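Next up, some structures in structure tokens.
Consider the two complexes below, in which subunit A is the common component and subunit B and subunit C are the respective partners.
Let's look at the complex of A and B:
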């Protein structure tokens, strides 16, 4: 019963302060914590102009693969009905597992949402990752290092919904499908909490 | 092939393909078990035995092969492949897959290939079988990588393993174990096989696994002919029938057919090659059944899958096998021989 009450409370569309769910106004900050399978992470956004925000994000998949990135979010449209934005980011990947990977990554996310107090959205992402592998060959004379690179992509989409729970907090629930490292990935899901302290 | 066999895509990288993706999802969500009711062919339920299965421990697989295998797991399971692999290789999981495919029994292989596909000891196989003795049997094997010094003790260990009733044959993979098919130094193995009336399963054809020998003396069954002729009391099962997994082609299949035509003690086992990854056009697997029929070798074909590979693989392979047999106009009698009759006859197992 307590769980049911909690779910109903979460689903109740309270009015949050400030902008639409995707947009962040100039001078405002948003902090995000995300948990789920397989990805968890933290992120921060800061509105540098009415249409542009900077962001920094660290994500981990099962605490084995780590991805960090920083970039810009540009708001193209923020009407009463729809919002459209693009996020461009650069970062790095490090994976320490049976298959180890490391290297730089470039990312673009295009997100369209139906604006309102409860805001469903679709975000399409494409991340290009230059995996760099070094092999050391030890011989009697010397040691040589050989670098190999491989361009891998992660492409897919996220279907989610953002809704406020209190004046400063919003909850974001999503399902992500697509590829990872140019191969099929099991769909992932997440719940995120966004916190927008008053300016 | 061996544990969690993966077939490379055209760019040489292992790729998980669409049916596998959904098999993963469905089996993870719902489980793969069905009633072990039998293998349906031409509206008849037939008994079927999968003579090529693997169990084992992830830690006994070399790192390069672990990486290769992990690449076949969908993200994020590719990040933690060991746990998933060991679960899939357990007796419980294997029996679950046998049930899902409608198979009566399976045969688990011991493997001693420390520089390629890894090690599954005879003792590990015996322990796996002990968990499901009514469903599992085993093939024993032996190390050959220090043969000059260890041959006597290794042969004695093989002899001891074959003394277990559930260990019904011998598994060898020259390409994975790095010894030539025509090297007489190893012929004592066939002598033991003949003494125990234990058929010998031999991997034939090129293998994509790291650390595998690809040259003809390790992969081409024609290099086995001397041993086949020398040991008529030993039955030789040519695993994968010479299939070229690297190029997804029939490879030296015709050589295997030729040997089976000329020698009574040669059998053919087309495992792994019929999977979607290894036969993407779906033409090679039926061609093998067709050619076997043309050569009058229906009584030499033995069913194996090379599972468990991934959740749902045994059921998928059984279905592709049914389609291939139908495509090749296999009769009900031919199918019965292939699925269990030939296996039970040469391994001396009564119904």
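Let's look at the complex of A and C:
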């Protein structure tokens, strides 16, 4: 915890860009790299209007399961005290392991944060994944292929905190809990770096 | 660049995983037993994995027969699940649904490995001779 305290203390005097940590202003870009257990990934956001940003993200769980999505982040509230936004995204899942999965996924994330230089937040997510599996039956006469679908969900939340380290960089530390593929999943933690280059 | 990144993201997701391949086998044969009663058949791969991770008797399907004697069954064998084809059977003589429940009379079991697999038509003879044995003991 000592290093975390040191980073926080170093970060406190700094002031990042005028936007809150979750909001990104029109024409601005944010790049994110995230590492942790079990999820790592990269993401990009681009502010298309004062309240709307586009989002593209690729995540992987231990390089076995991959999730990619693109969507919109809508900022509902960005006051001096609170920020509230919703991210809607569509994407795909691909997992190659003993249990292989693939298919499209729809995602909604609602995030509320206490605005300030150091910004704690709670993000609630619901991801609906249409798992599509194909089976090939090799009989004596012919080969037939059948498809089966199954709707699986990932629901849970992330508790985290974002704070600036320099003018253009912010660090995001979080703990994520919830389900995966409609089953209990062990909590995951991550550290992310957000980079907002000047417009 | 960001605007185009959304499109690029999905180019990597257009491929499909290879389907799970099932090898269909028309299985026929005879279950021989000195007792009478329903027989449960377990269809198994003989082994899976290599070295210290090698595991034997991987069950991928089961079925019940009304009694010993002749039978036919259409089996779909997962191609990625392991090697070989074994058939284990046990006879539910007292029809309690359990194999050799404590306090009940011994029930017979047997195991046979098909030498003909892979083939779409396989004939076997399964003799139930051992009392209260699982496949790992036969």
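Here, the second predicted complex is superposed on the first by the 185 of 199 C-alpha atoms of A that agree within 3 Å, B and C clash if a C-alpha of one lies under 4 Å from a C-alpha of the other, contacts with A are read in each partner's own complex, and residues count from 1 in each chain.
As a convention for this text, a contact is a pair of C-beta atoms (placed from the backbone, for glycine too) under 8 Å apart; a residue touches a chain by one contact, two chains touch by 3 or more.
A quick note: this is a predicted structure, and the numbers were derived from the prediction, not measured.
Asks: Overlaying on subunit A: subunit B and subunit C, fit or clash?
Replies: With subunit A aligned, subunit B runs into subunit C, so clash.
Asks: For A:24, using the defined touch cut-off, is the partner it touches subunit B, subunit C, both, or neither? Pick first, second, both or neither.
Replies: So A:24 meets neither subunit B nor subunit C here.
Asks: If we overlay the two complexes on their shared chain A, which of subunit B and subunit C does A:94 touch? Say first, second, both or neither.
Replies: second
Asks: Scan A:38 for contacts with subunit B and subunit C and give back first, second, both or neither.
Replies: So A:38 only meets subunit B here.
Asks: Return first, second, both or neither, reflecting whether A:170 touches subunit B, subunit C, both chains, or no partner chain.
Replies: The answer is neither, since A:170 touches no partner chain.
Asks: Please work out whether A:46 is in contact with subunit B alone, subunit C alone, both, or neither, and reply first, second, both or neither.
Replies: second
Asks: Please indicate which partner A:188 is in contact with in the superposed arrangement: first for subunit B, second for subunit C, both, or neither.
Replies: A:188 contacts subunit B only, not subunit C.
Asks: Of subunit B and subunit C, which one touches more residues of subunit A?
Replies: If we count touched residues of subunit A for both partners, the winner is C.
Asks: Considering only touches as defined above, state whether A:140 meets subunit B (first), subunit C (second), both or neither.
Replies: second
Asks: One more residue to check, A:65. First (subunit B), second (subunit C), both or neither?
Replies: After superposition on chain A, A:65 lies in contact with subunit B alone.
Asks: Could you say whether A:102 touches subunit B, subunit C, both of them, or neither, answering first, second, both or neither?
Replies: A:102 contacts subunit C only, not subunit B.
Asks: What does subunit C use to touch subunit A in their complex?
Replies: Per the stated touch rule, the residues are 2-3, 5-6, 9-10, 12-13, 16-17, 19-24, 26, 76, 79, 120-121.
Asks: Within the complex, which stretch of subunit B touches subunit A?
Replies: Listed in rising order, the residues of subunit B that touch subunit A are 15-16, 18, 20-21, 24-25, 28, 63, 66-67, 70-71, 74-82.
Asks: Touching subunit C in the complex: which residues of subunit A?
Replies: 29, 44-46, 54, 56, 58, 68-70, 91-92, 94, 96, 100, 102, 133-140, 145
Asks: Quick check on the complex: what are the subunit A residues that touch subunit B?
Replies: Touching subunit B from subunit A are residues 37-38, 61-62, 64-65, 95, 97-99, 180-181, 183-188.
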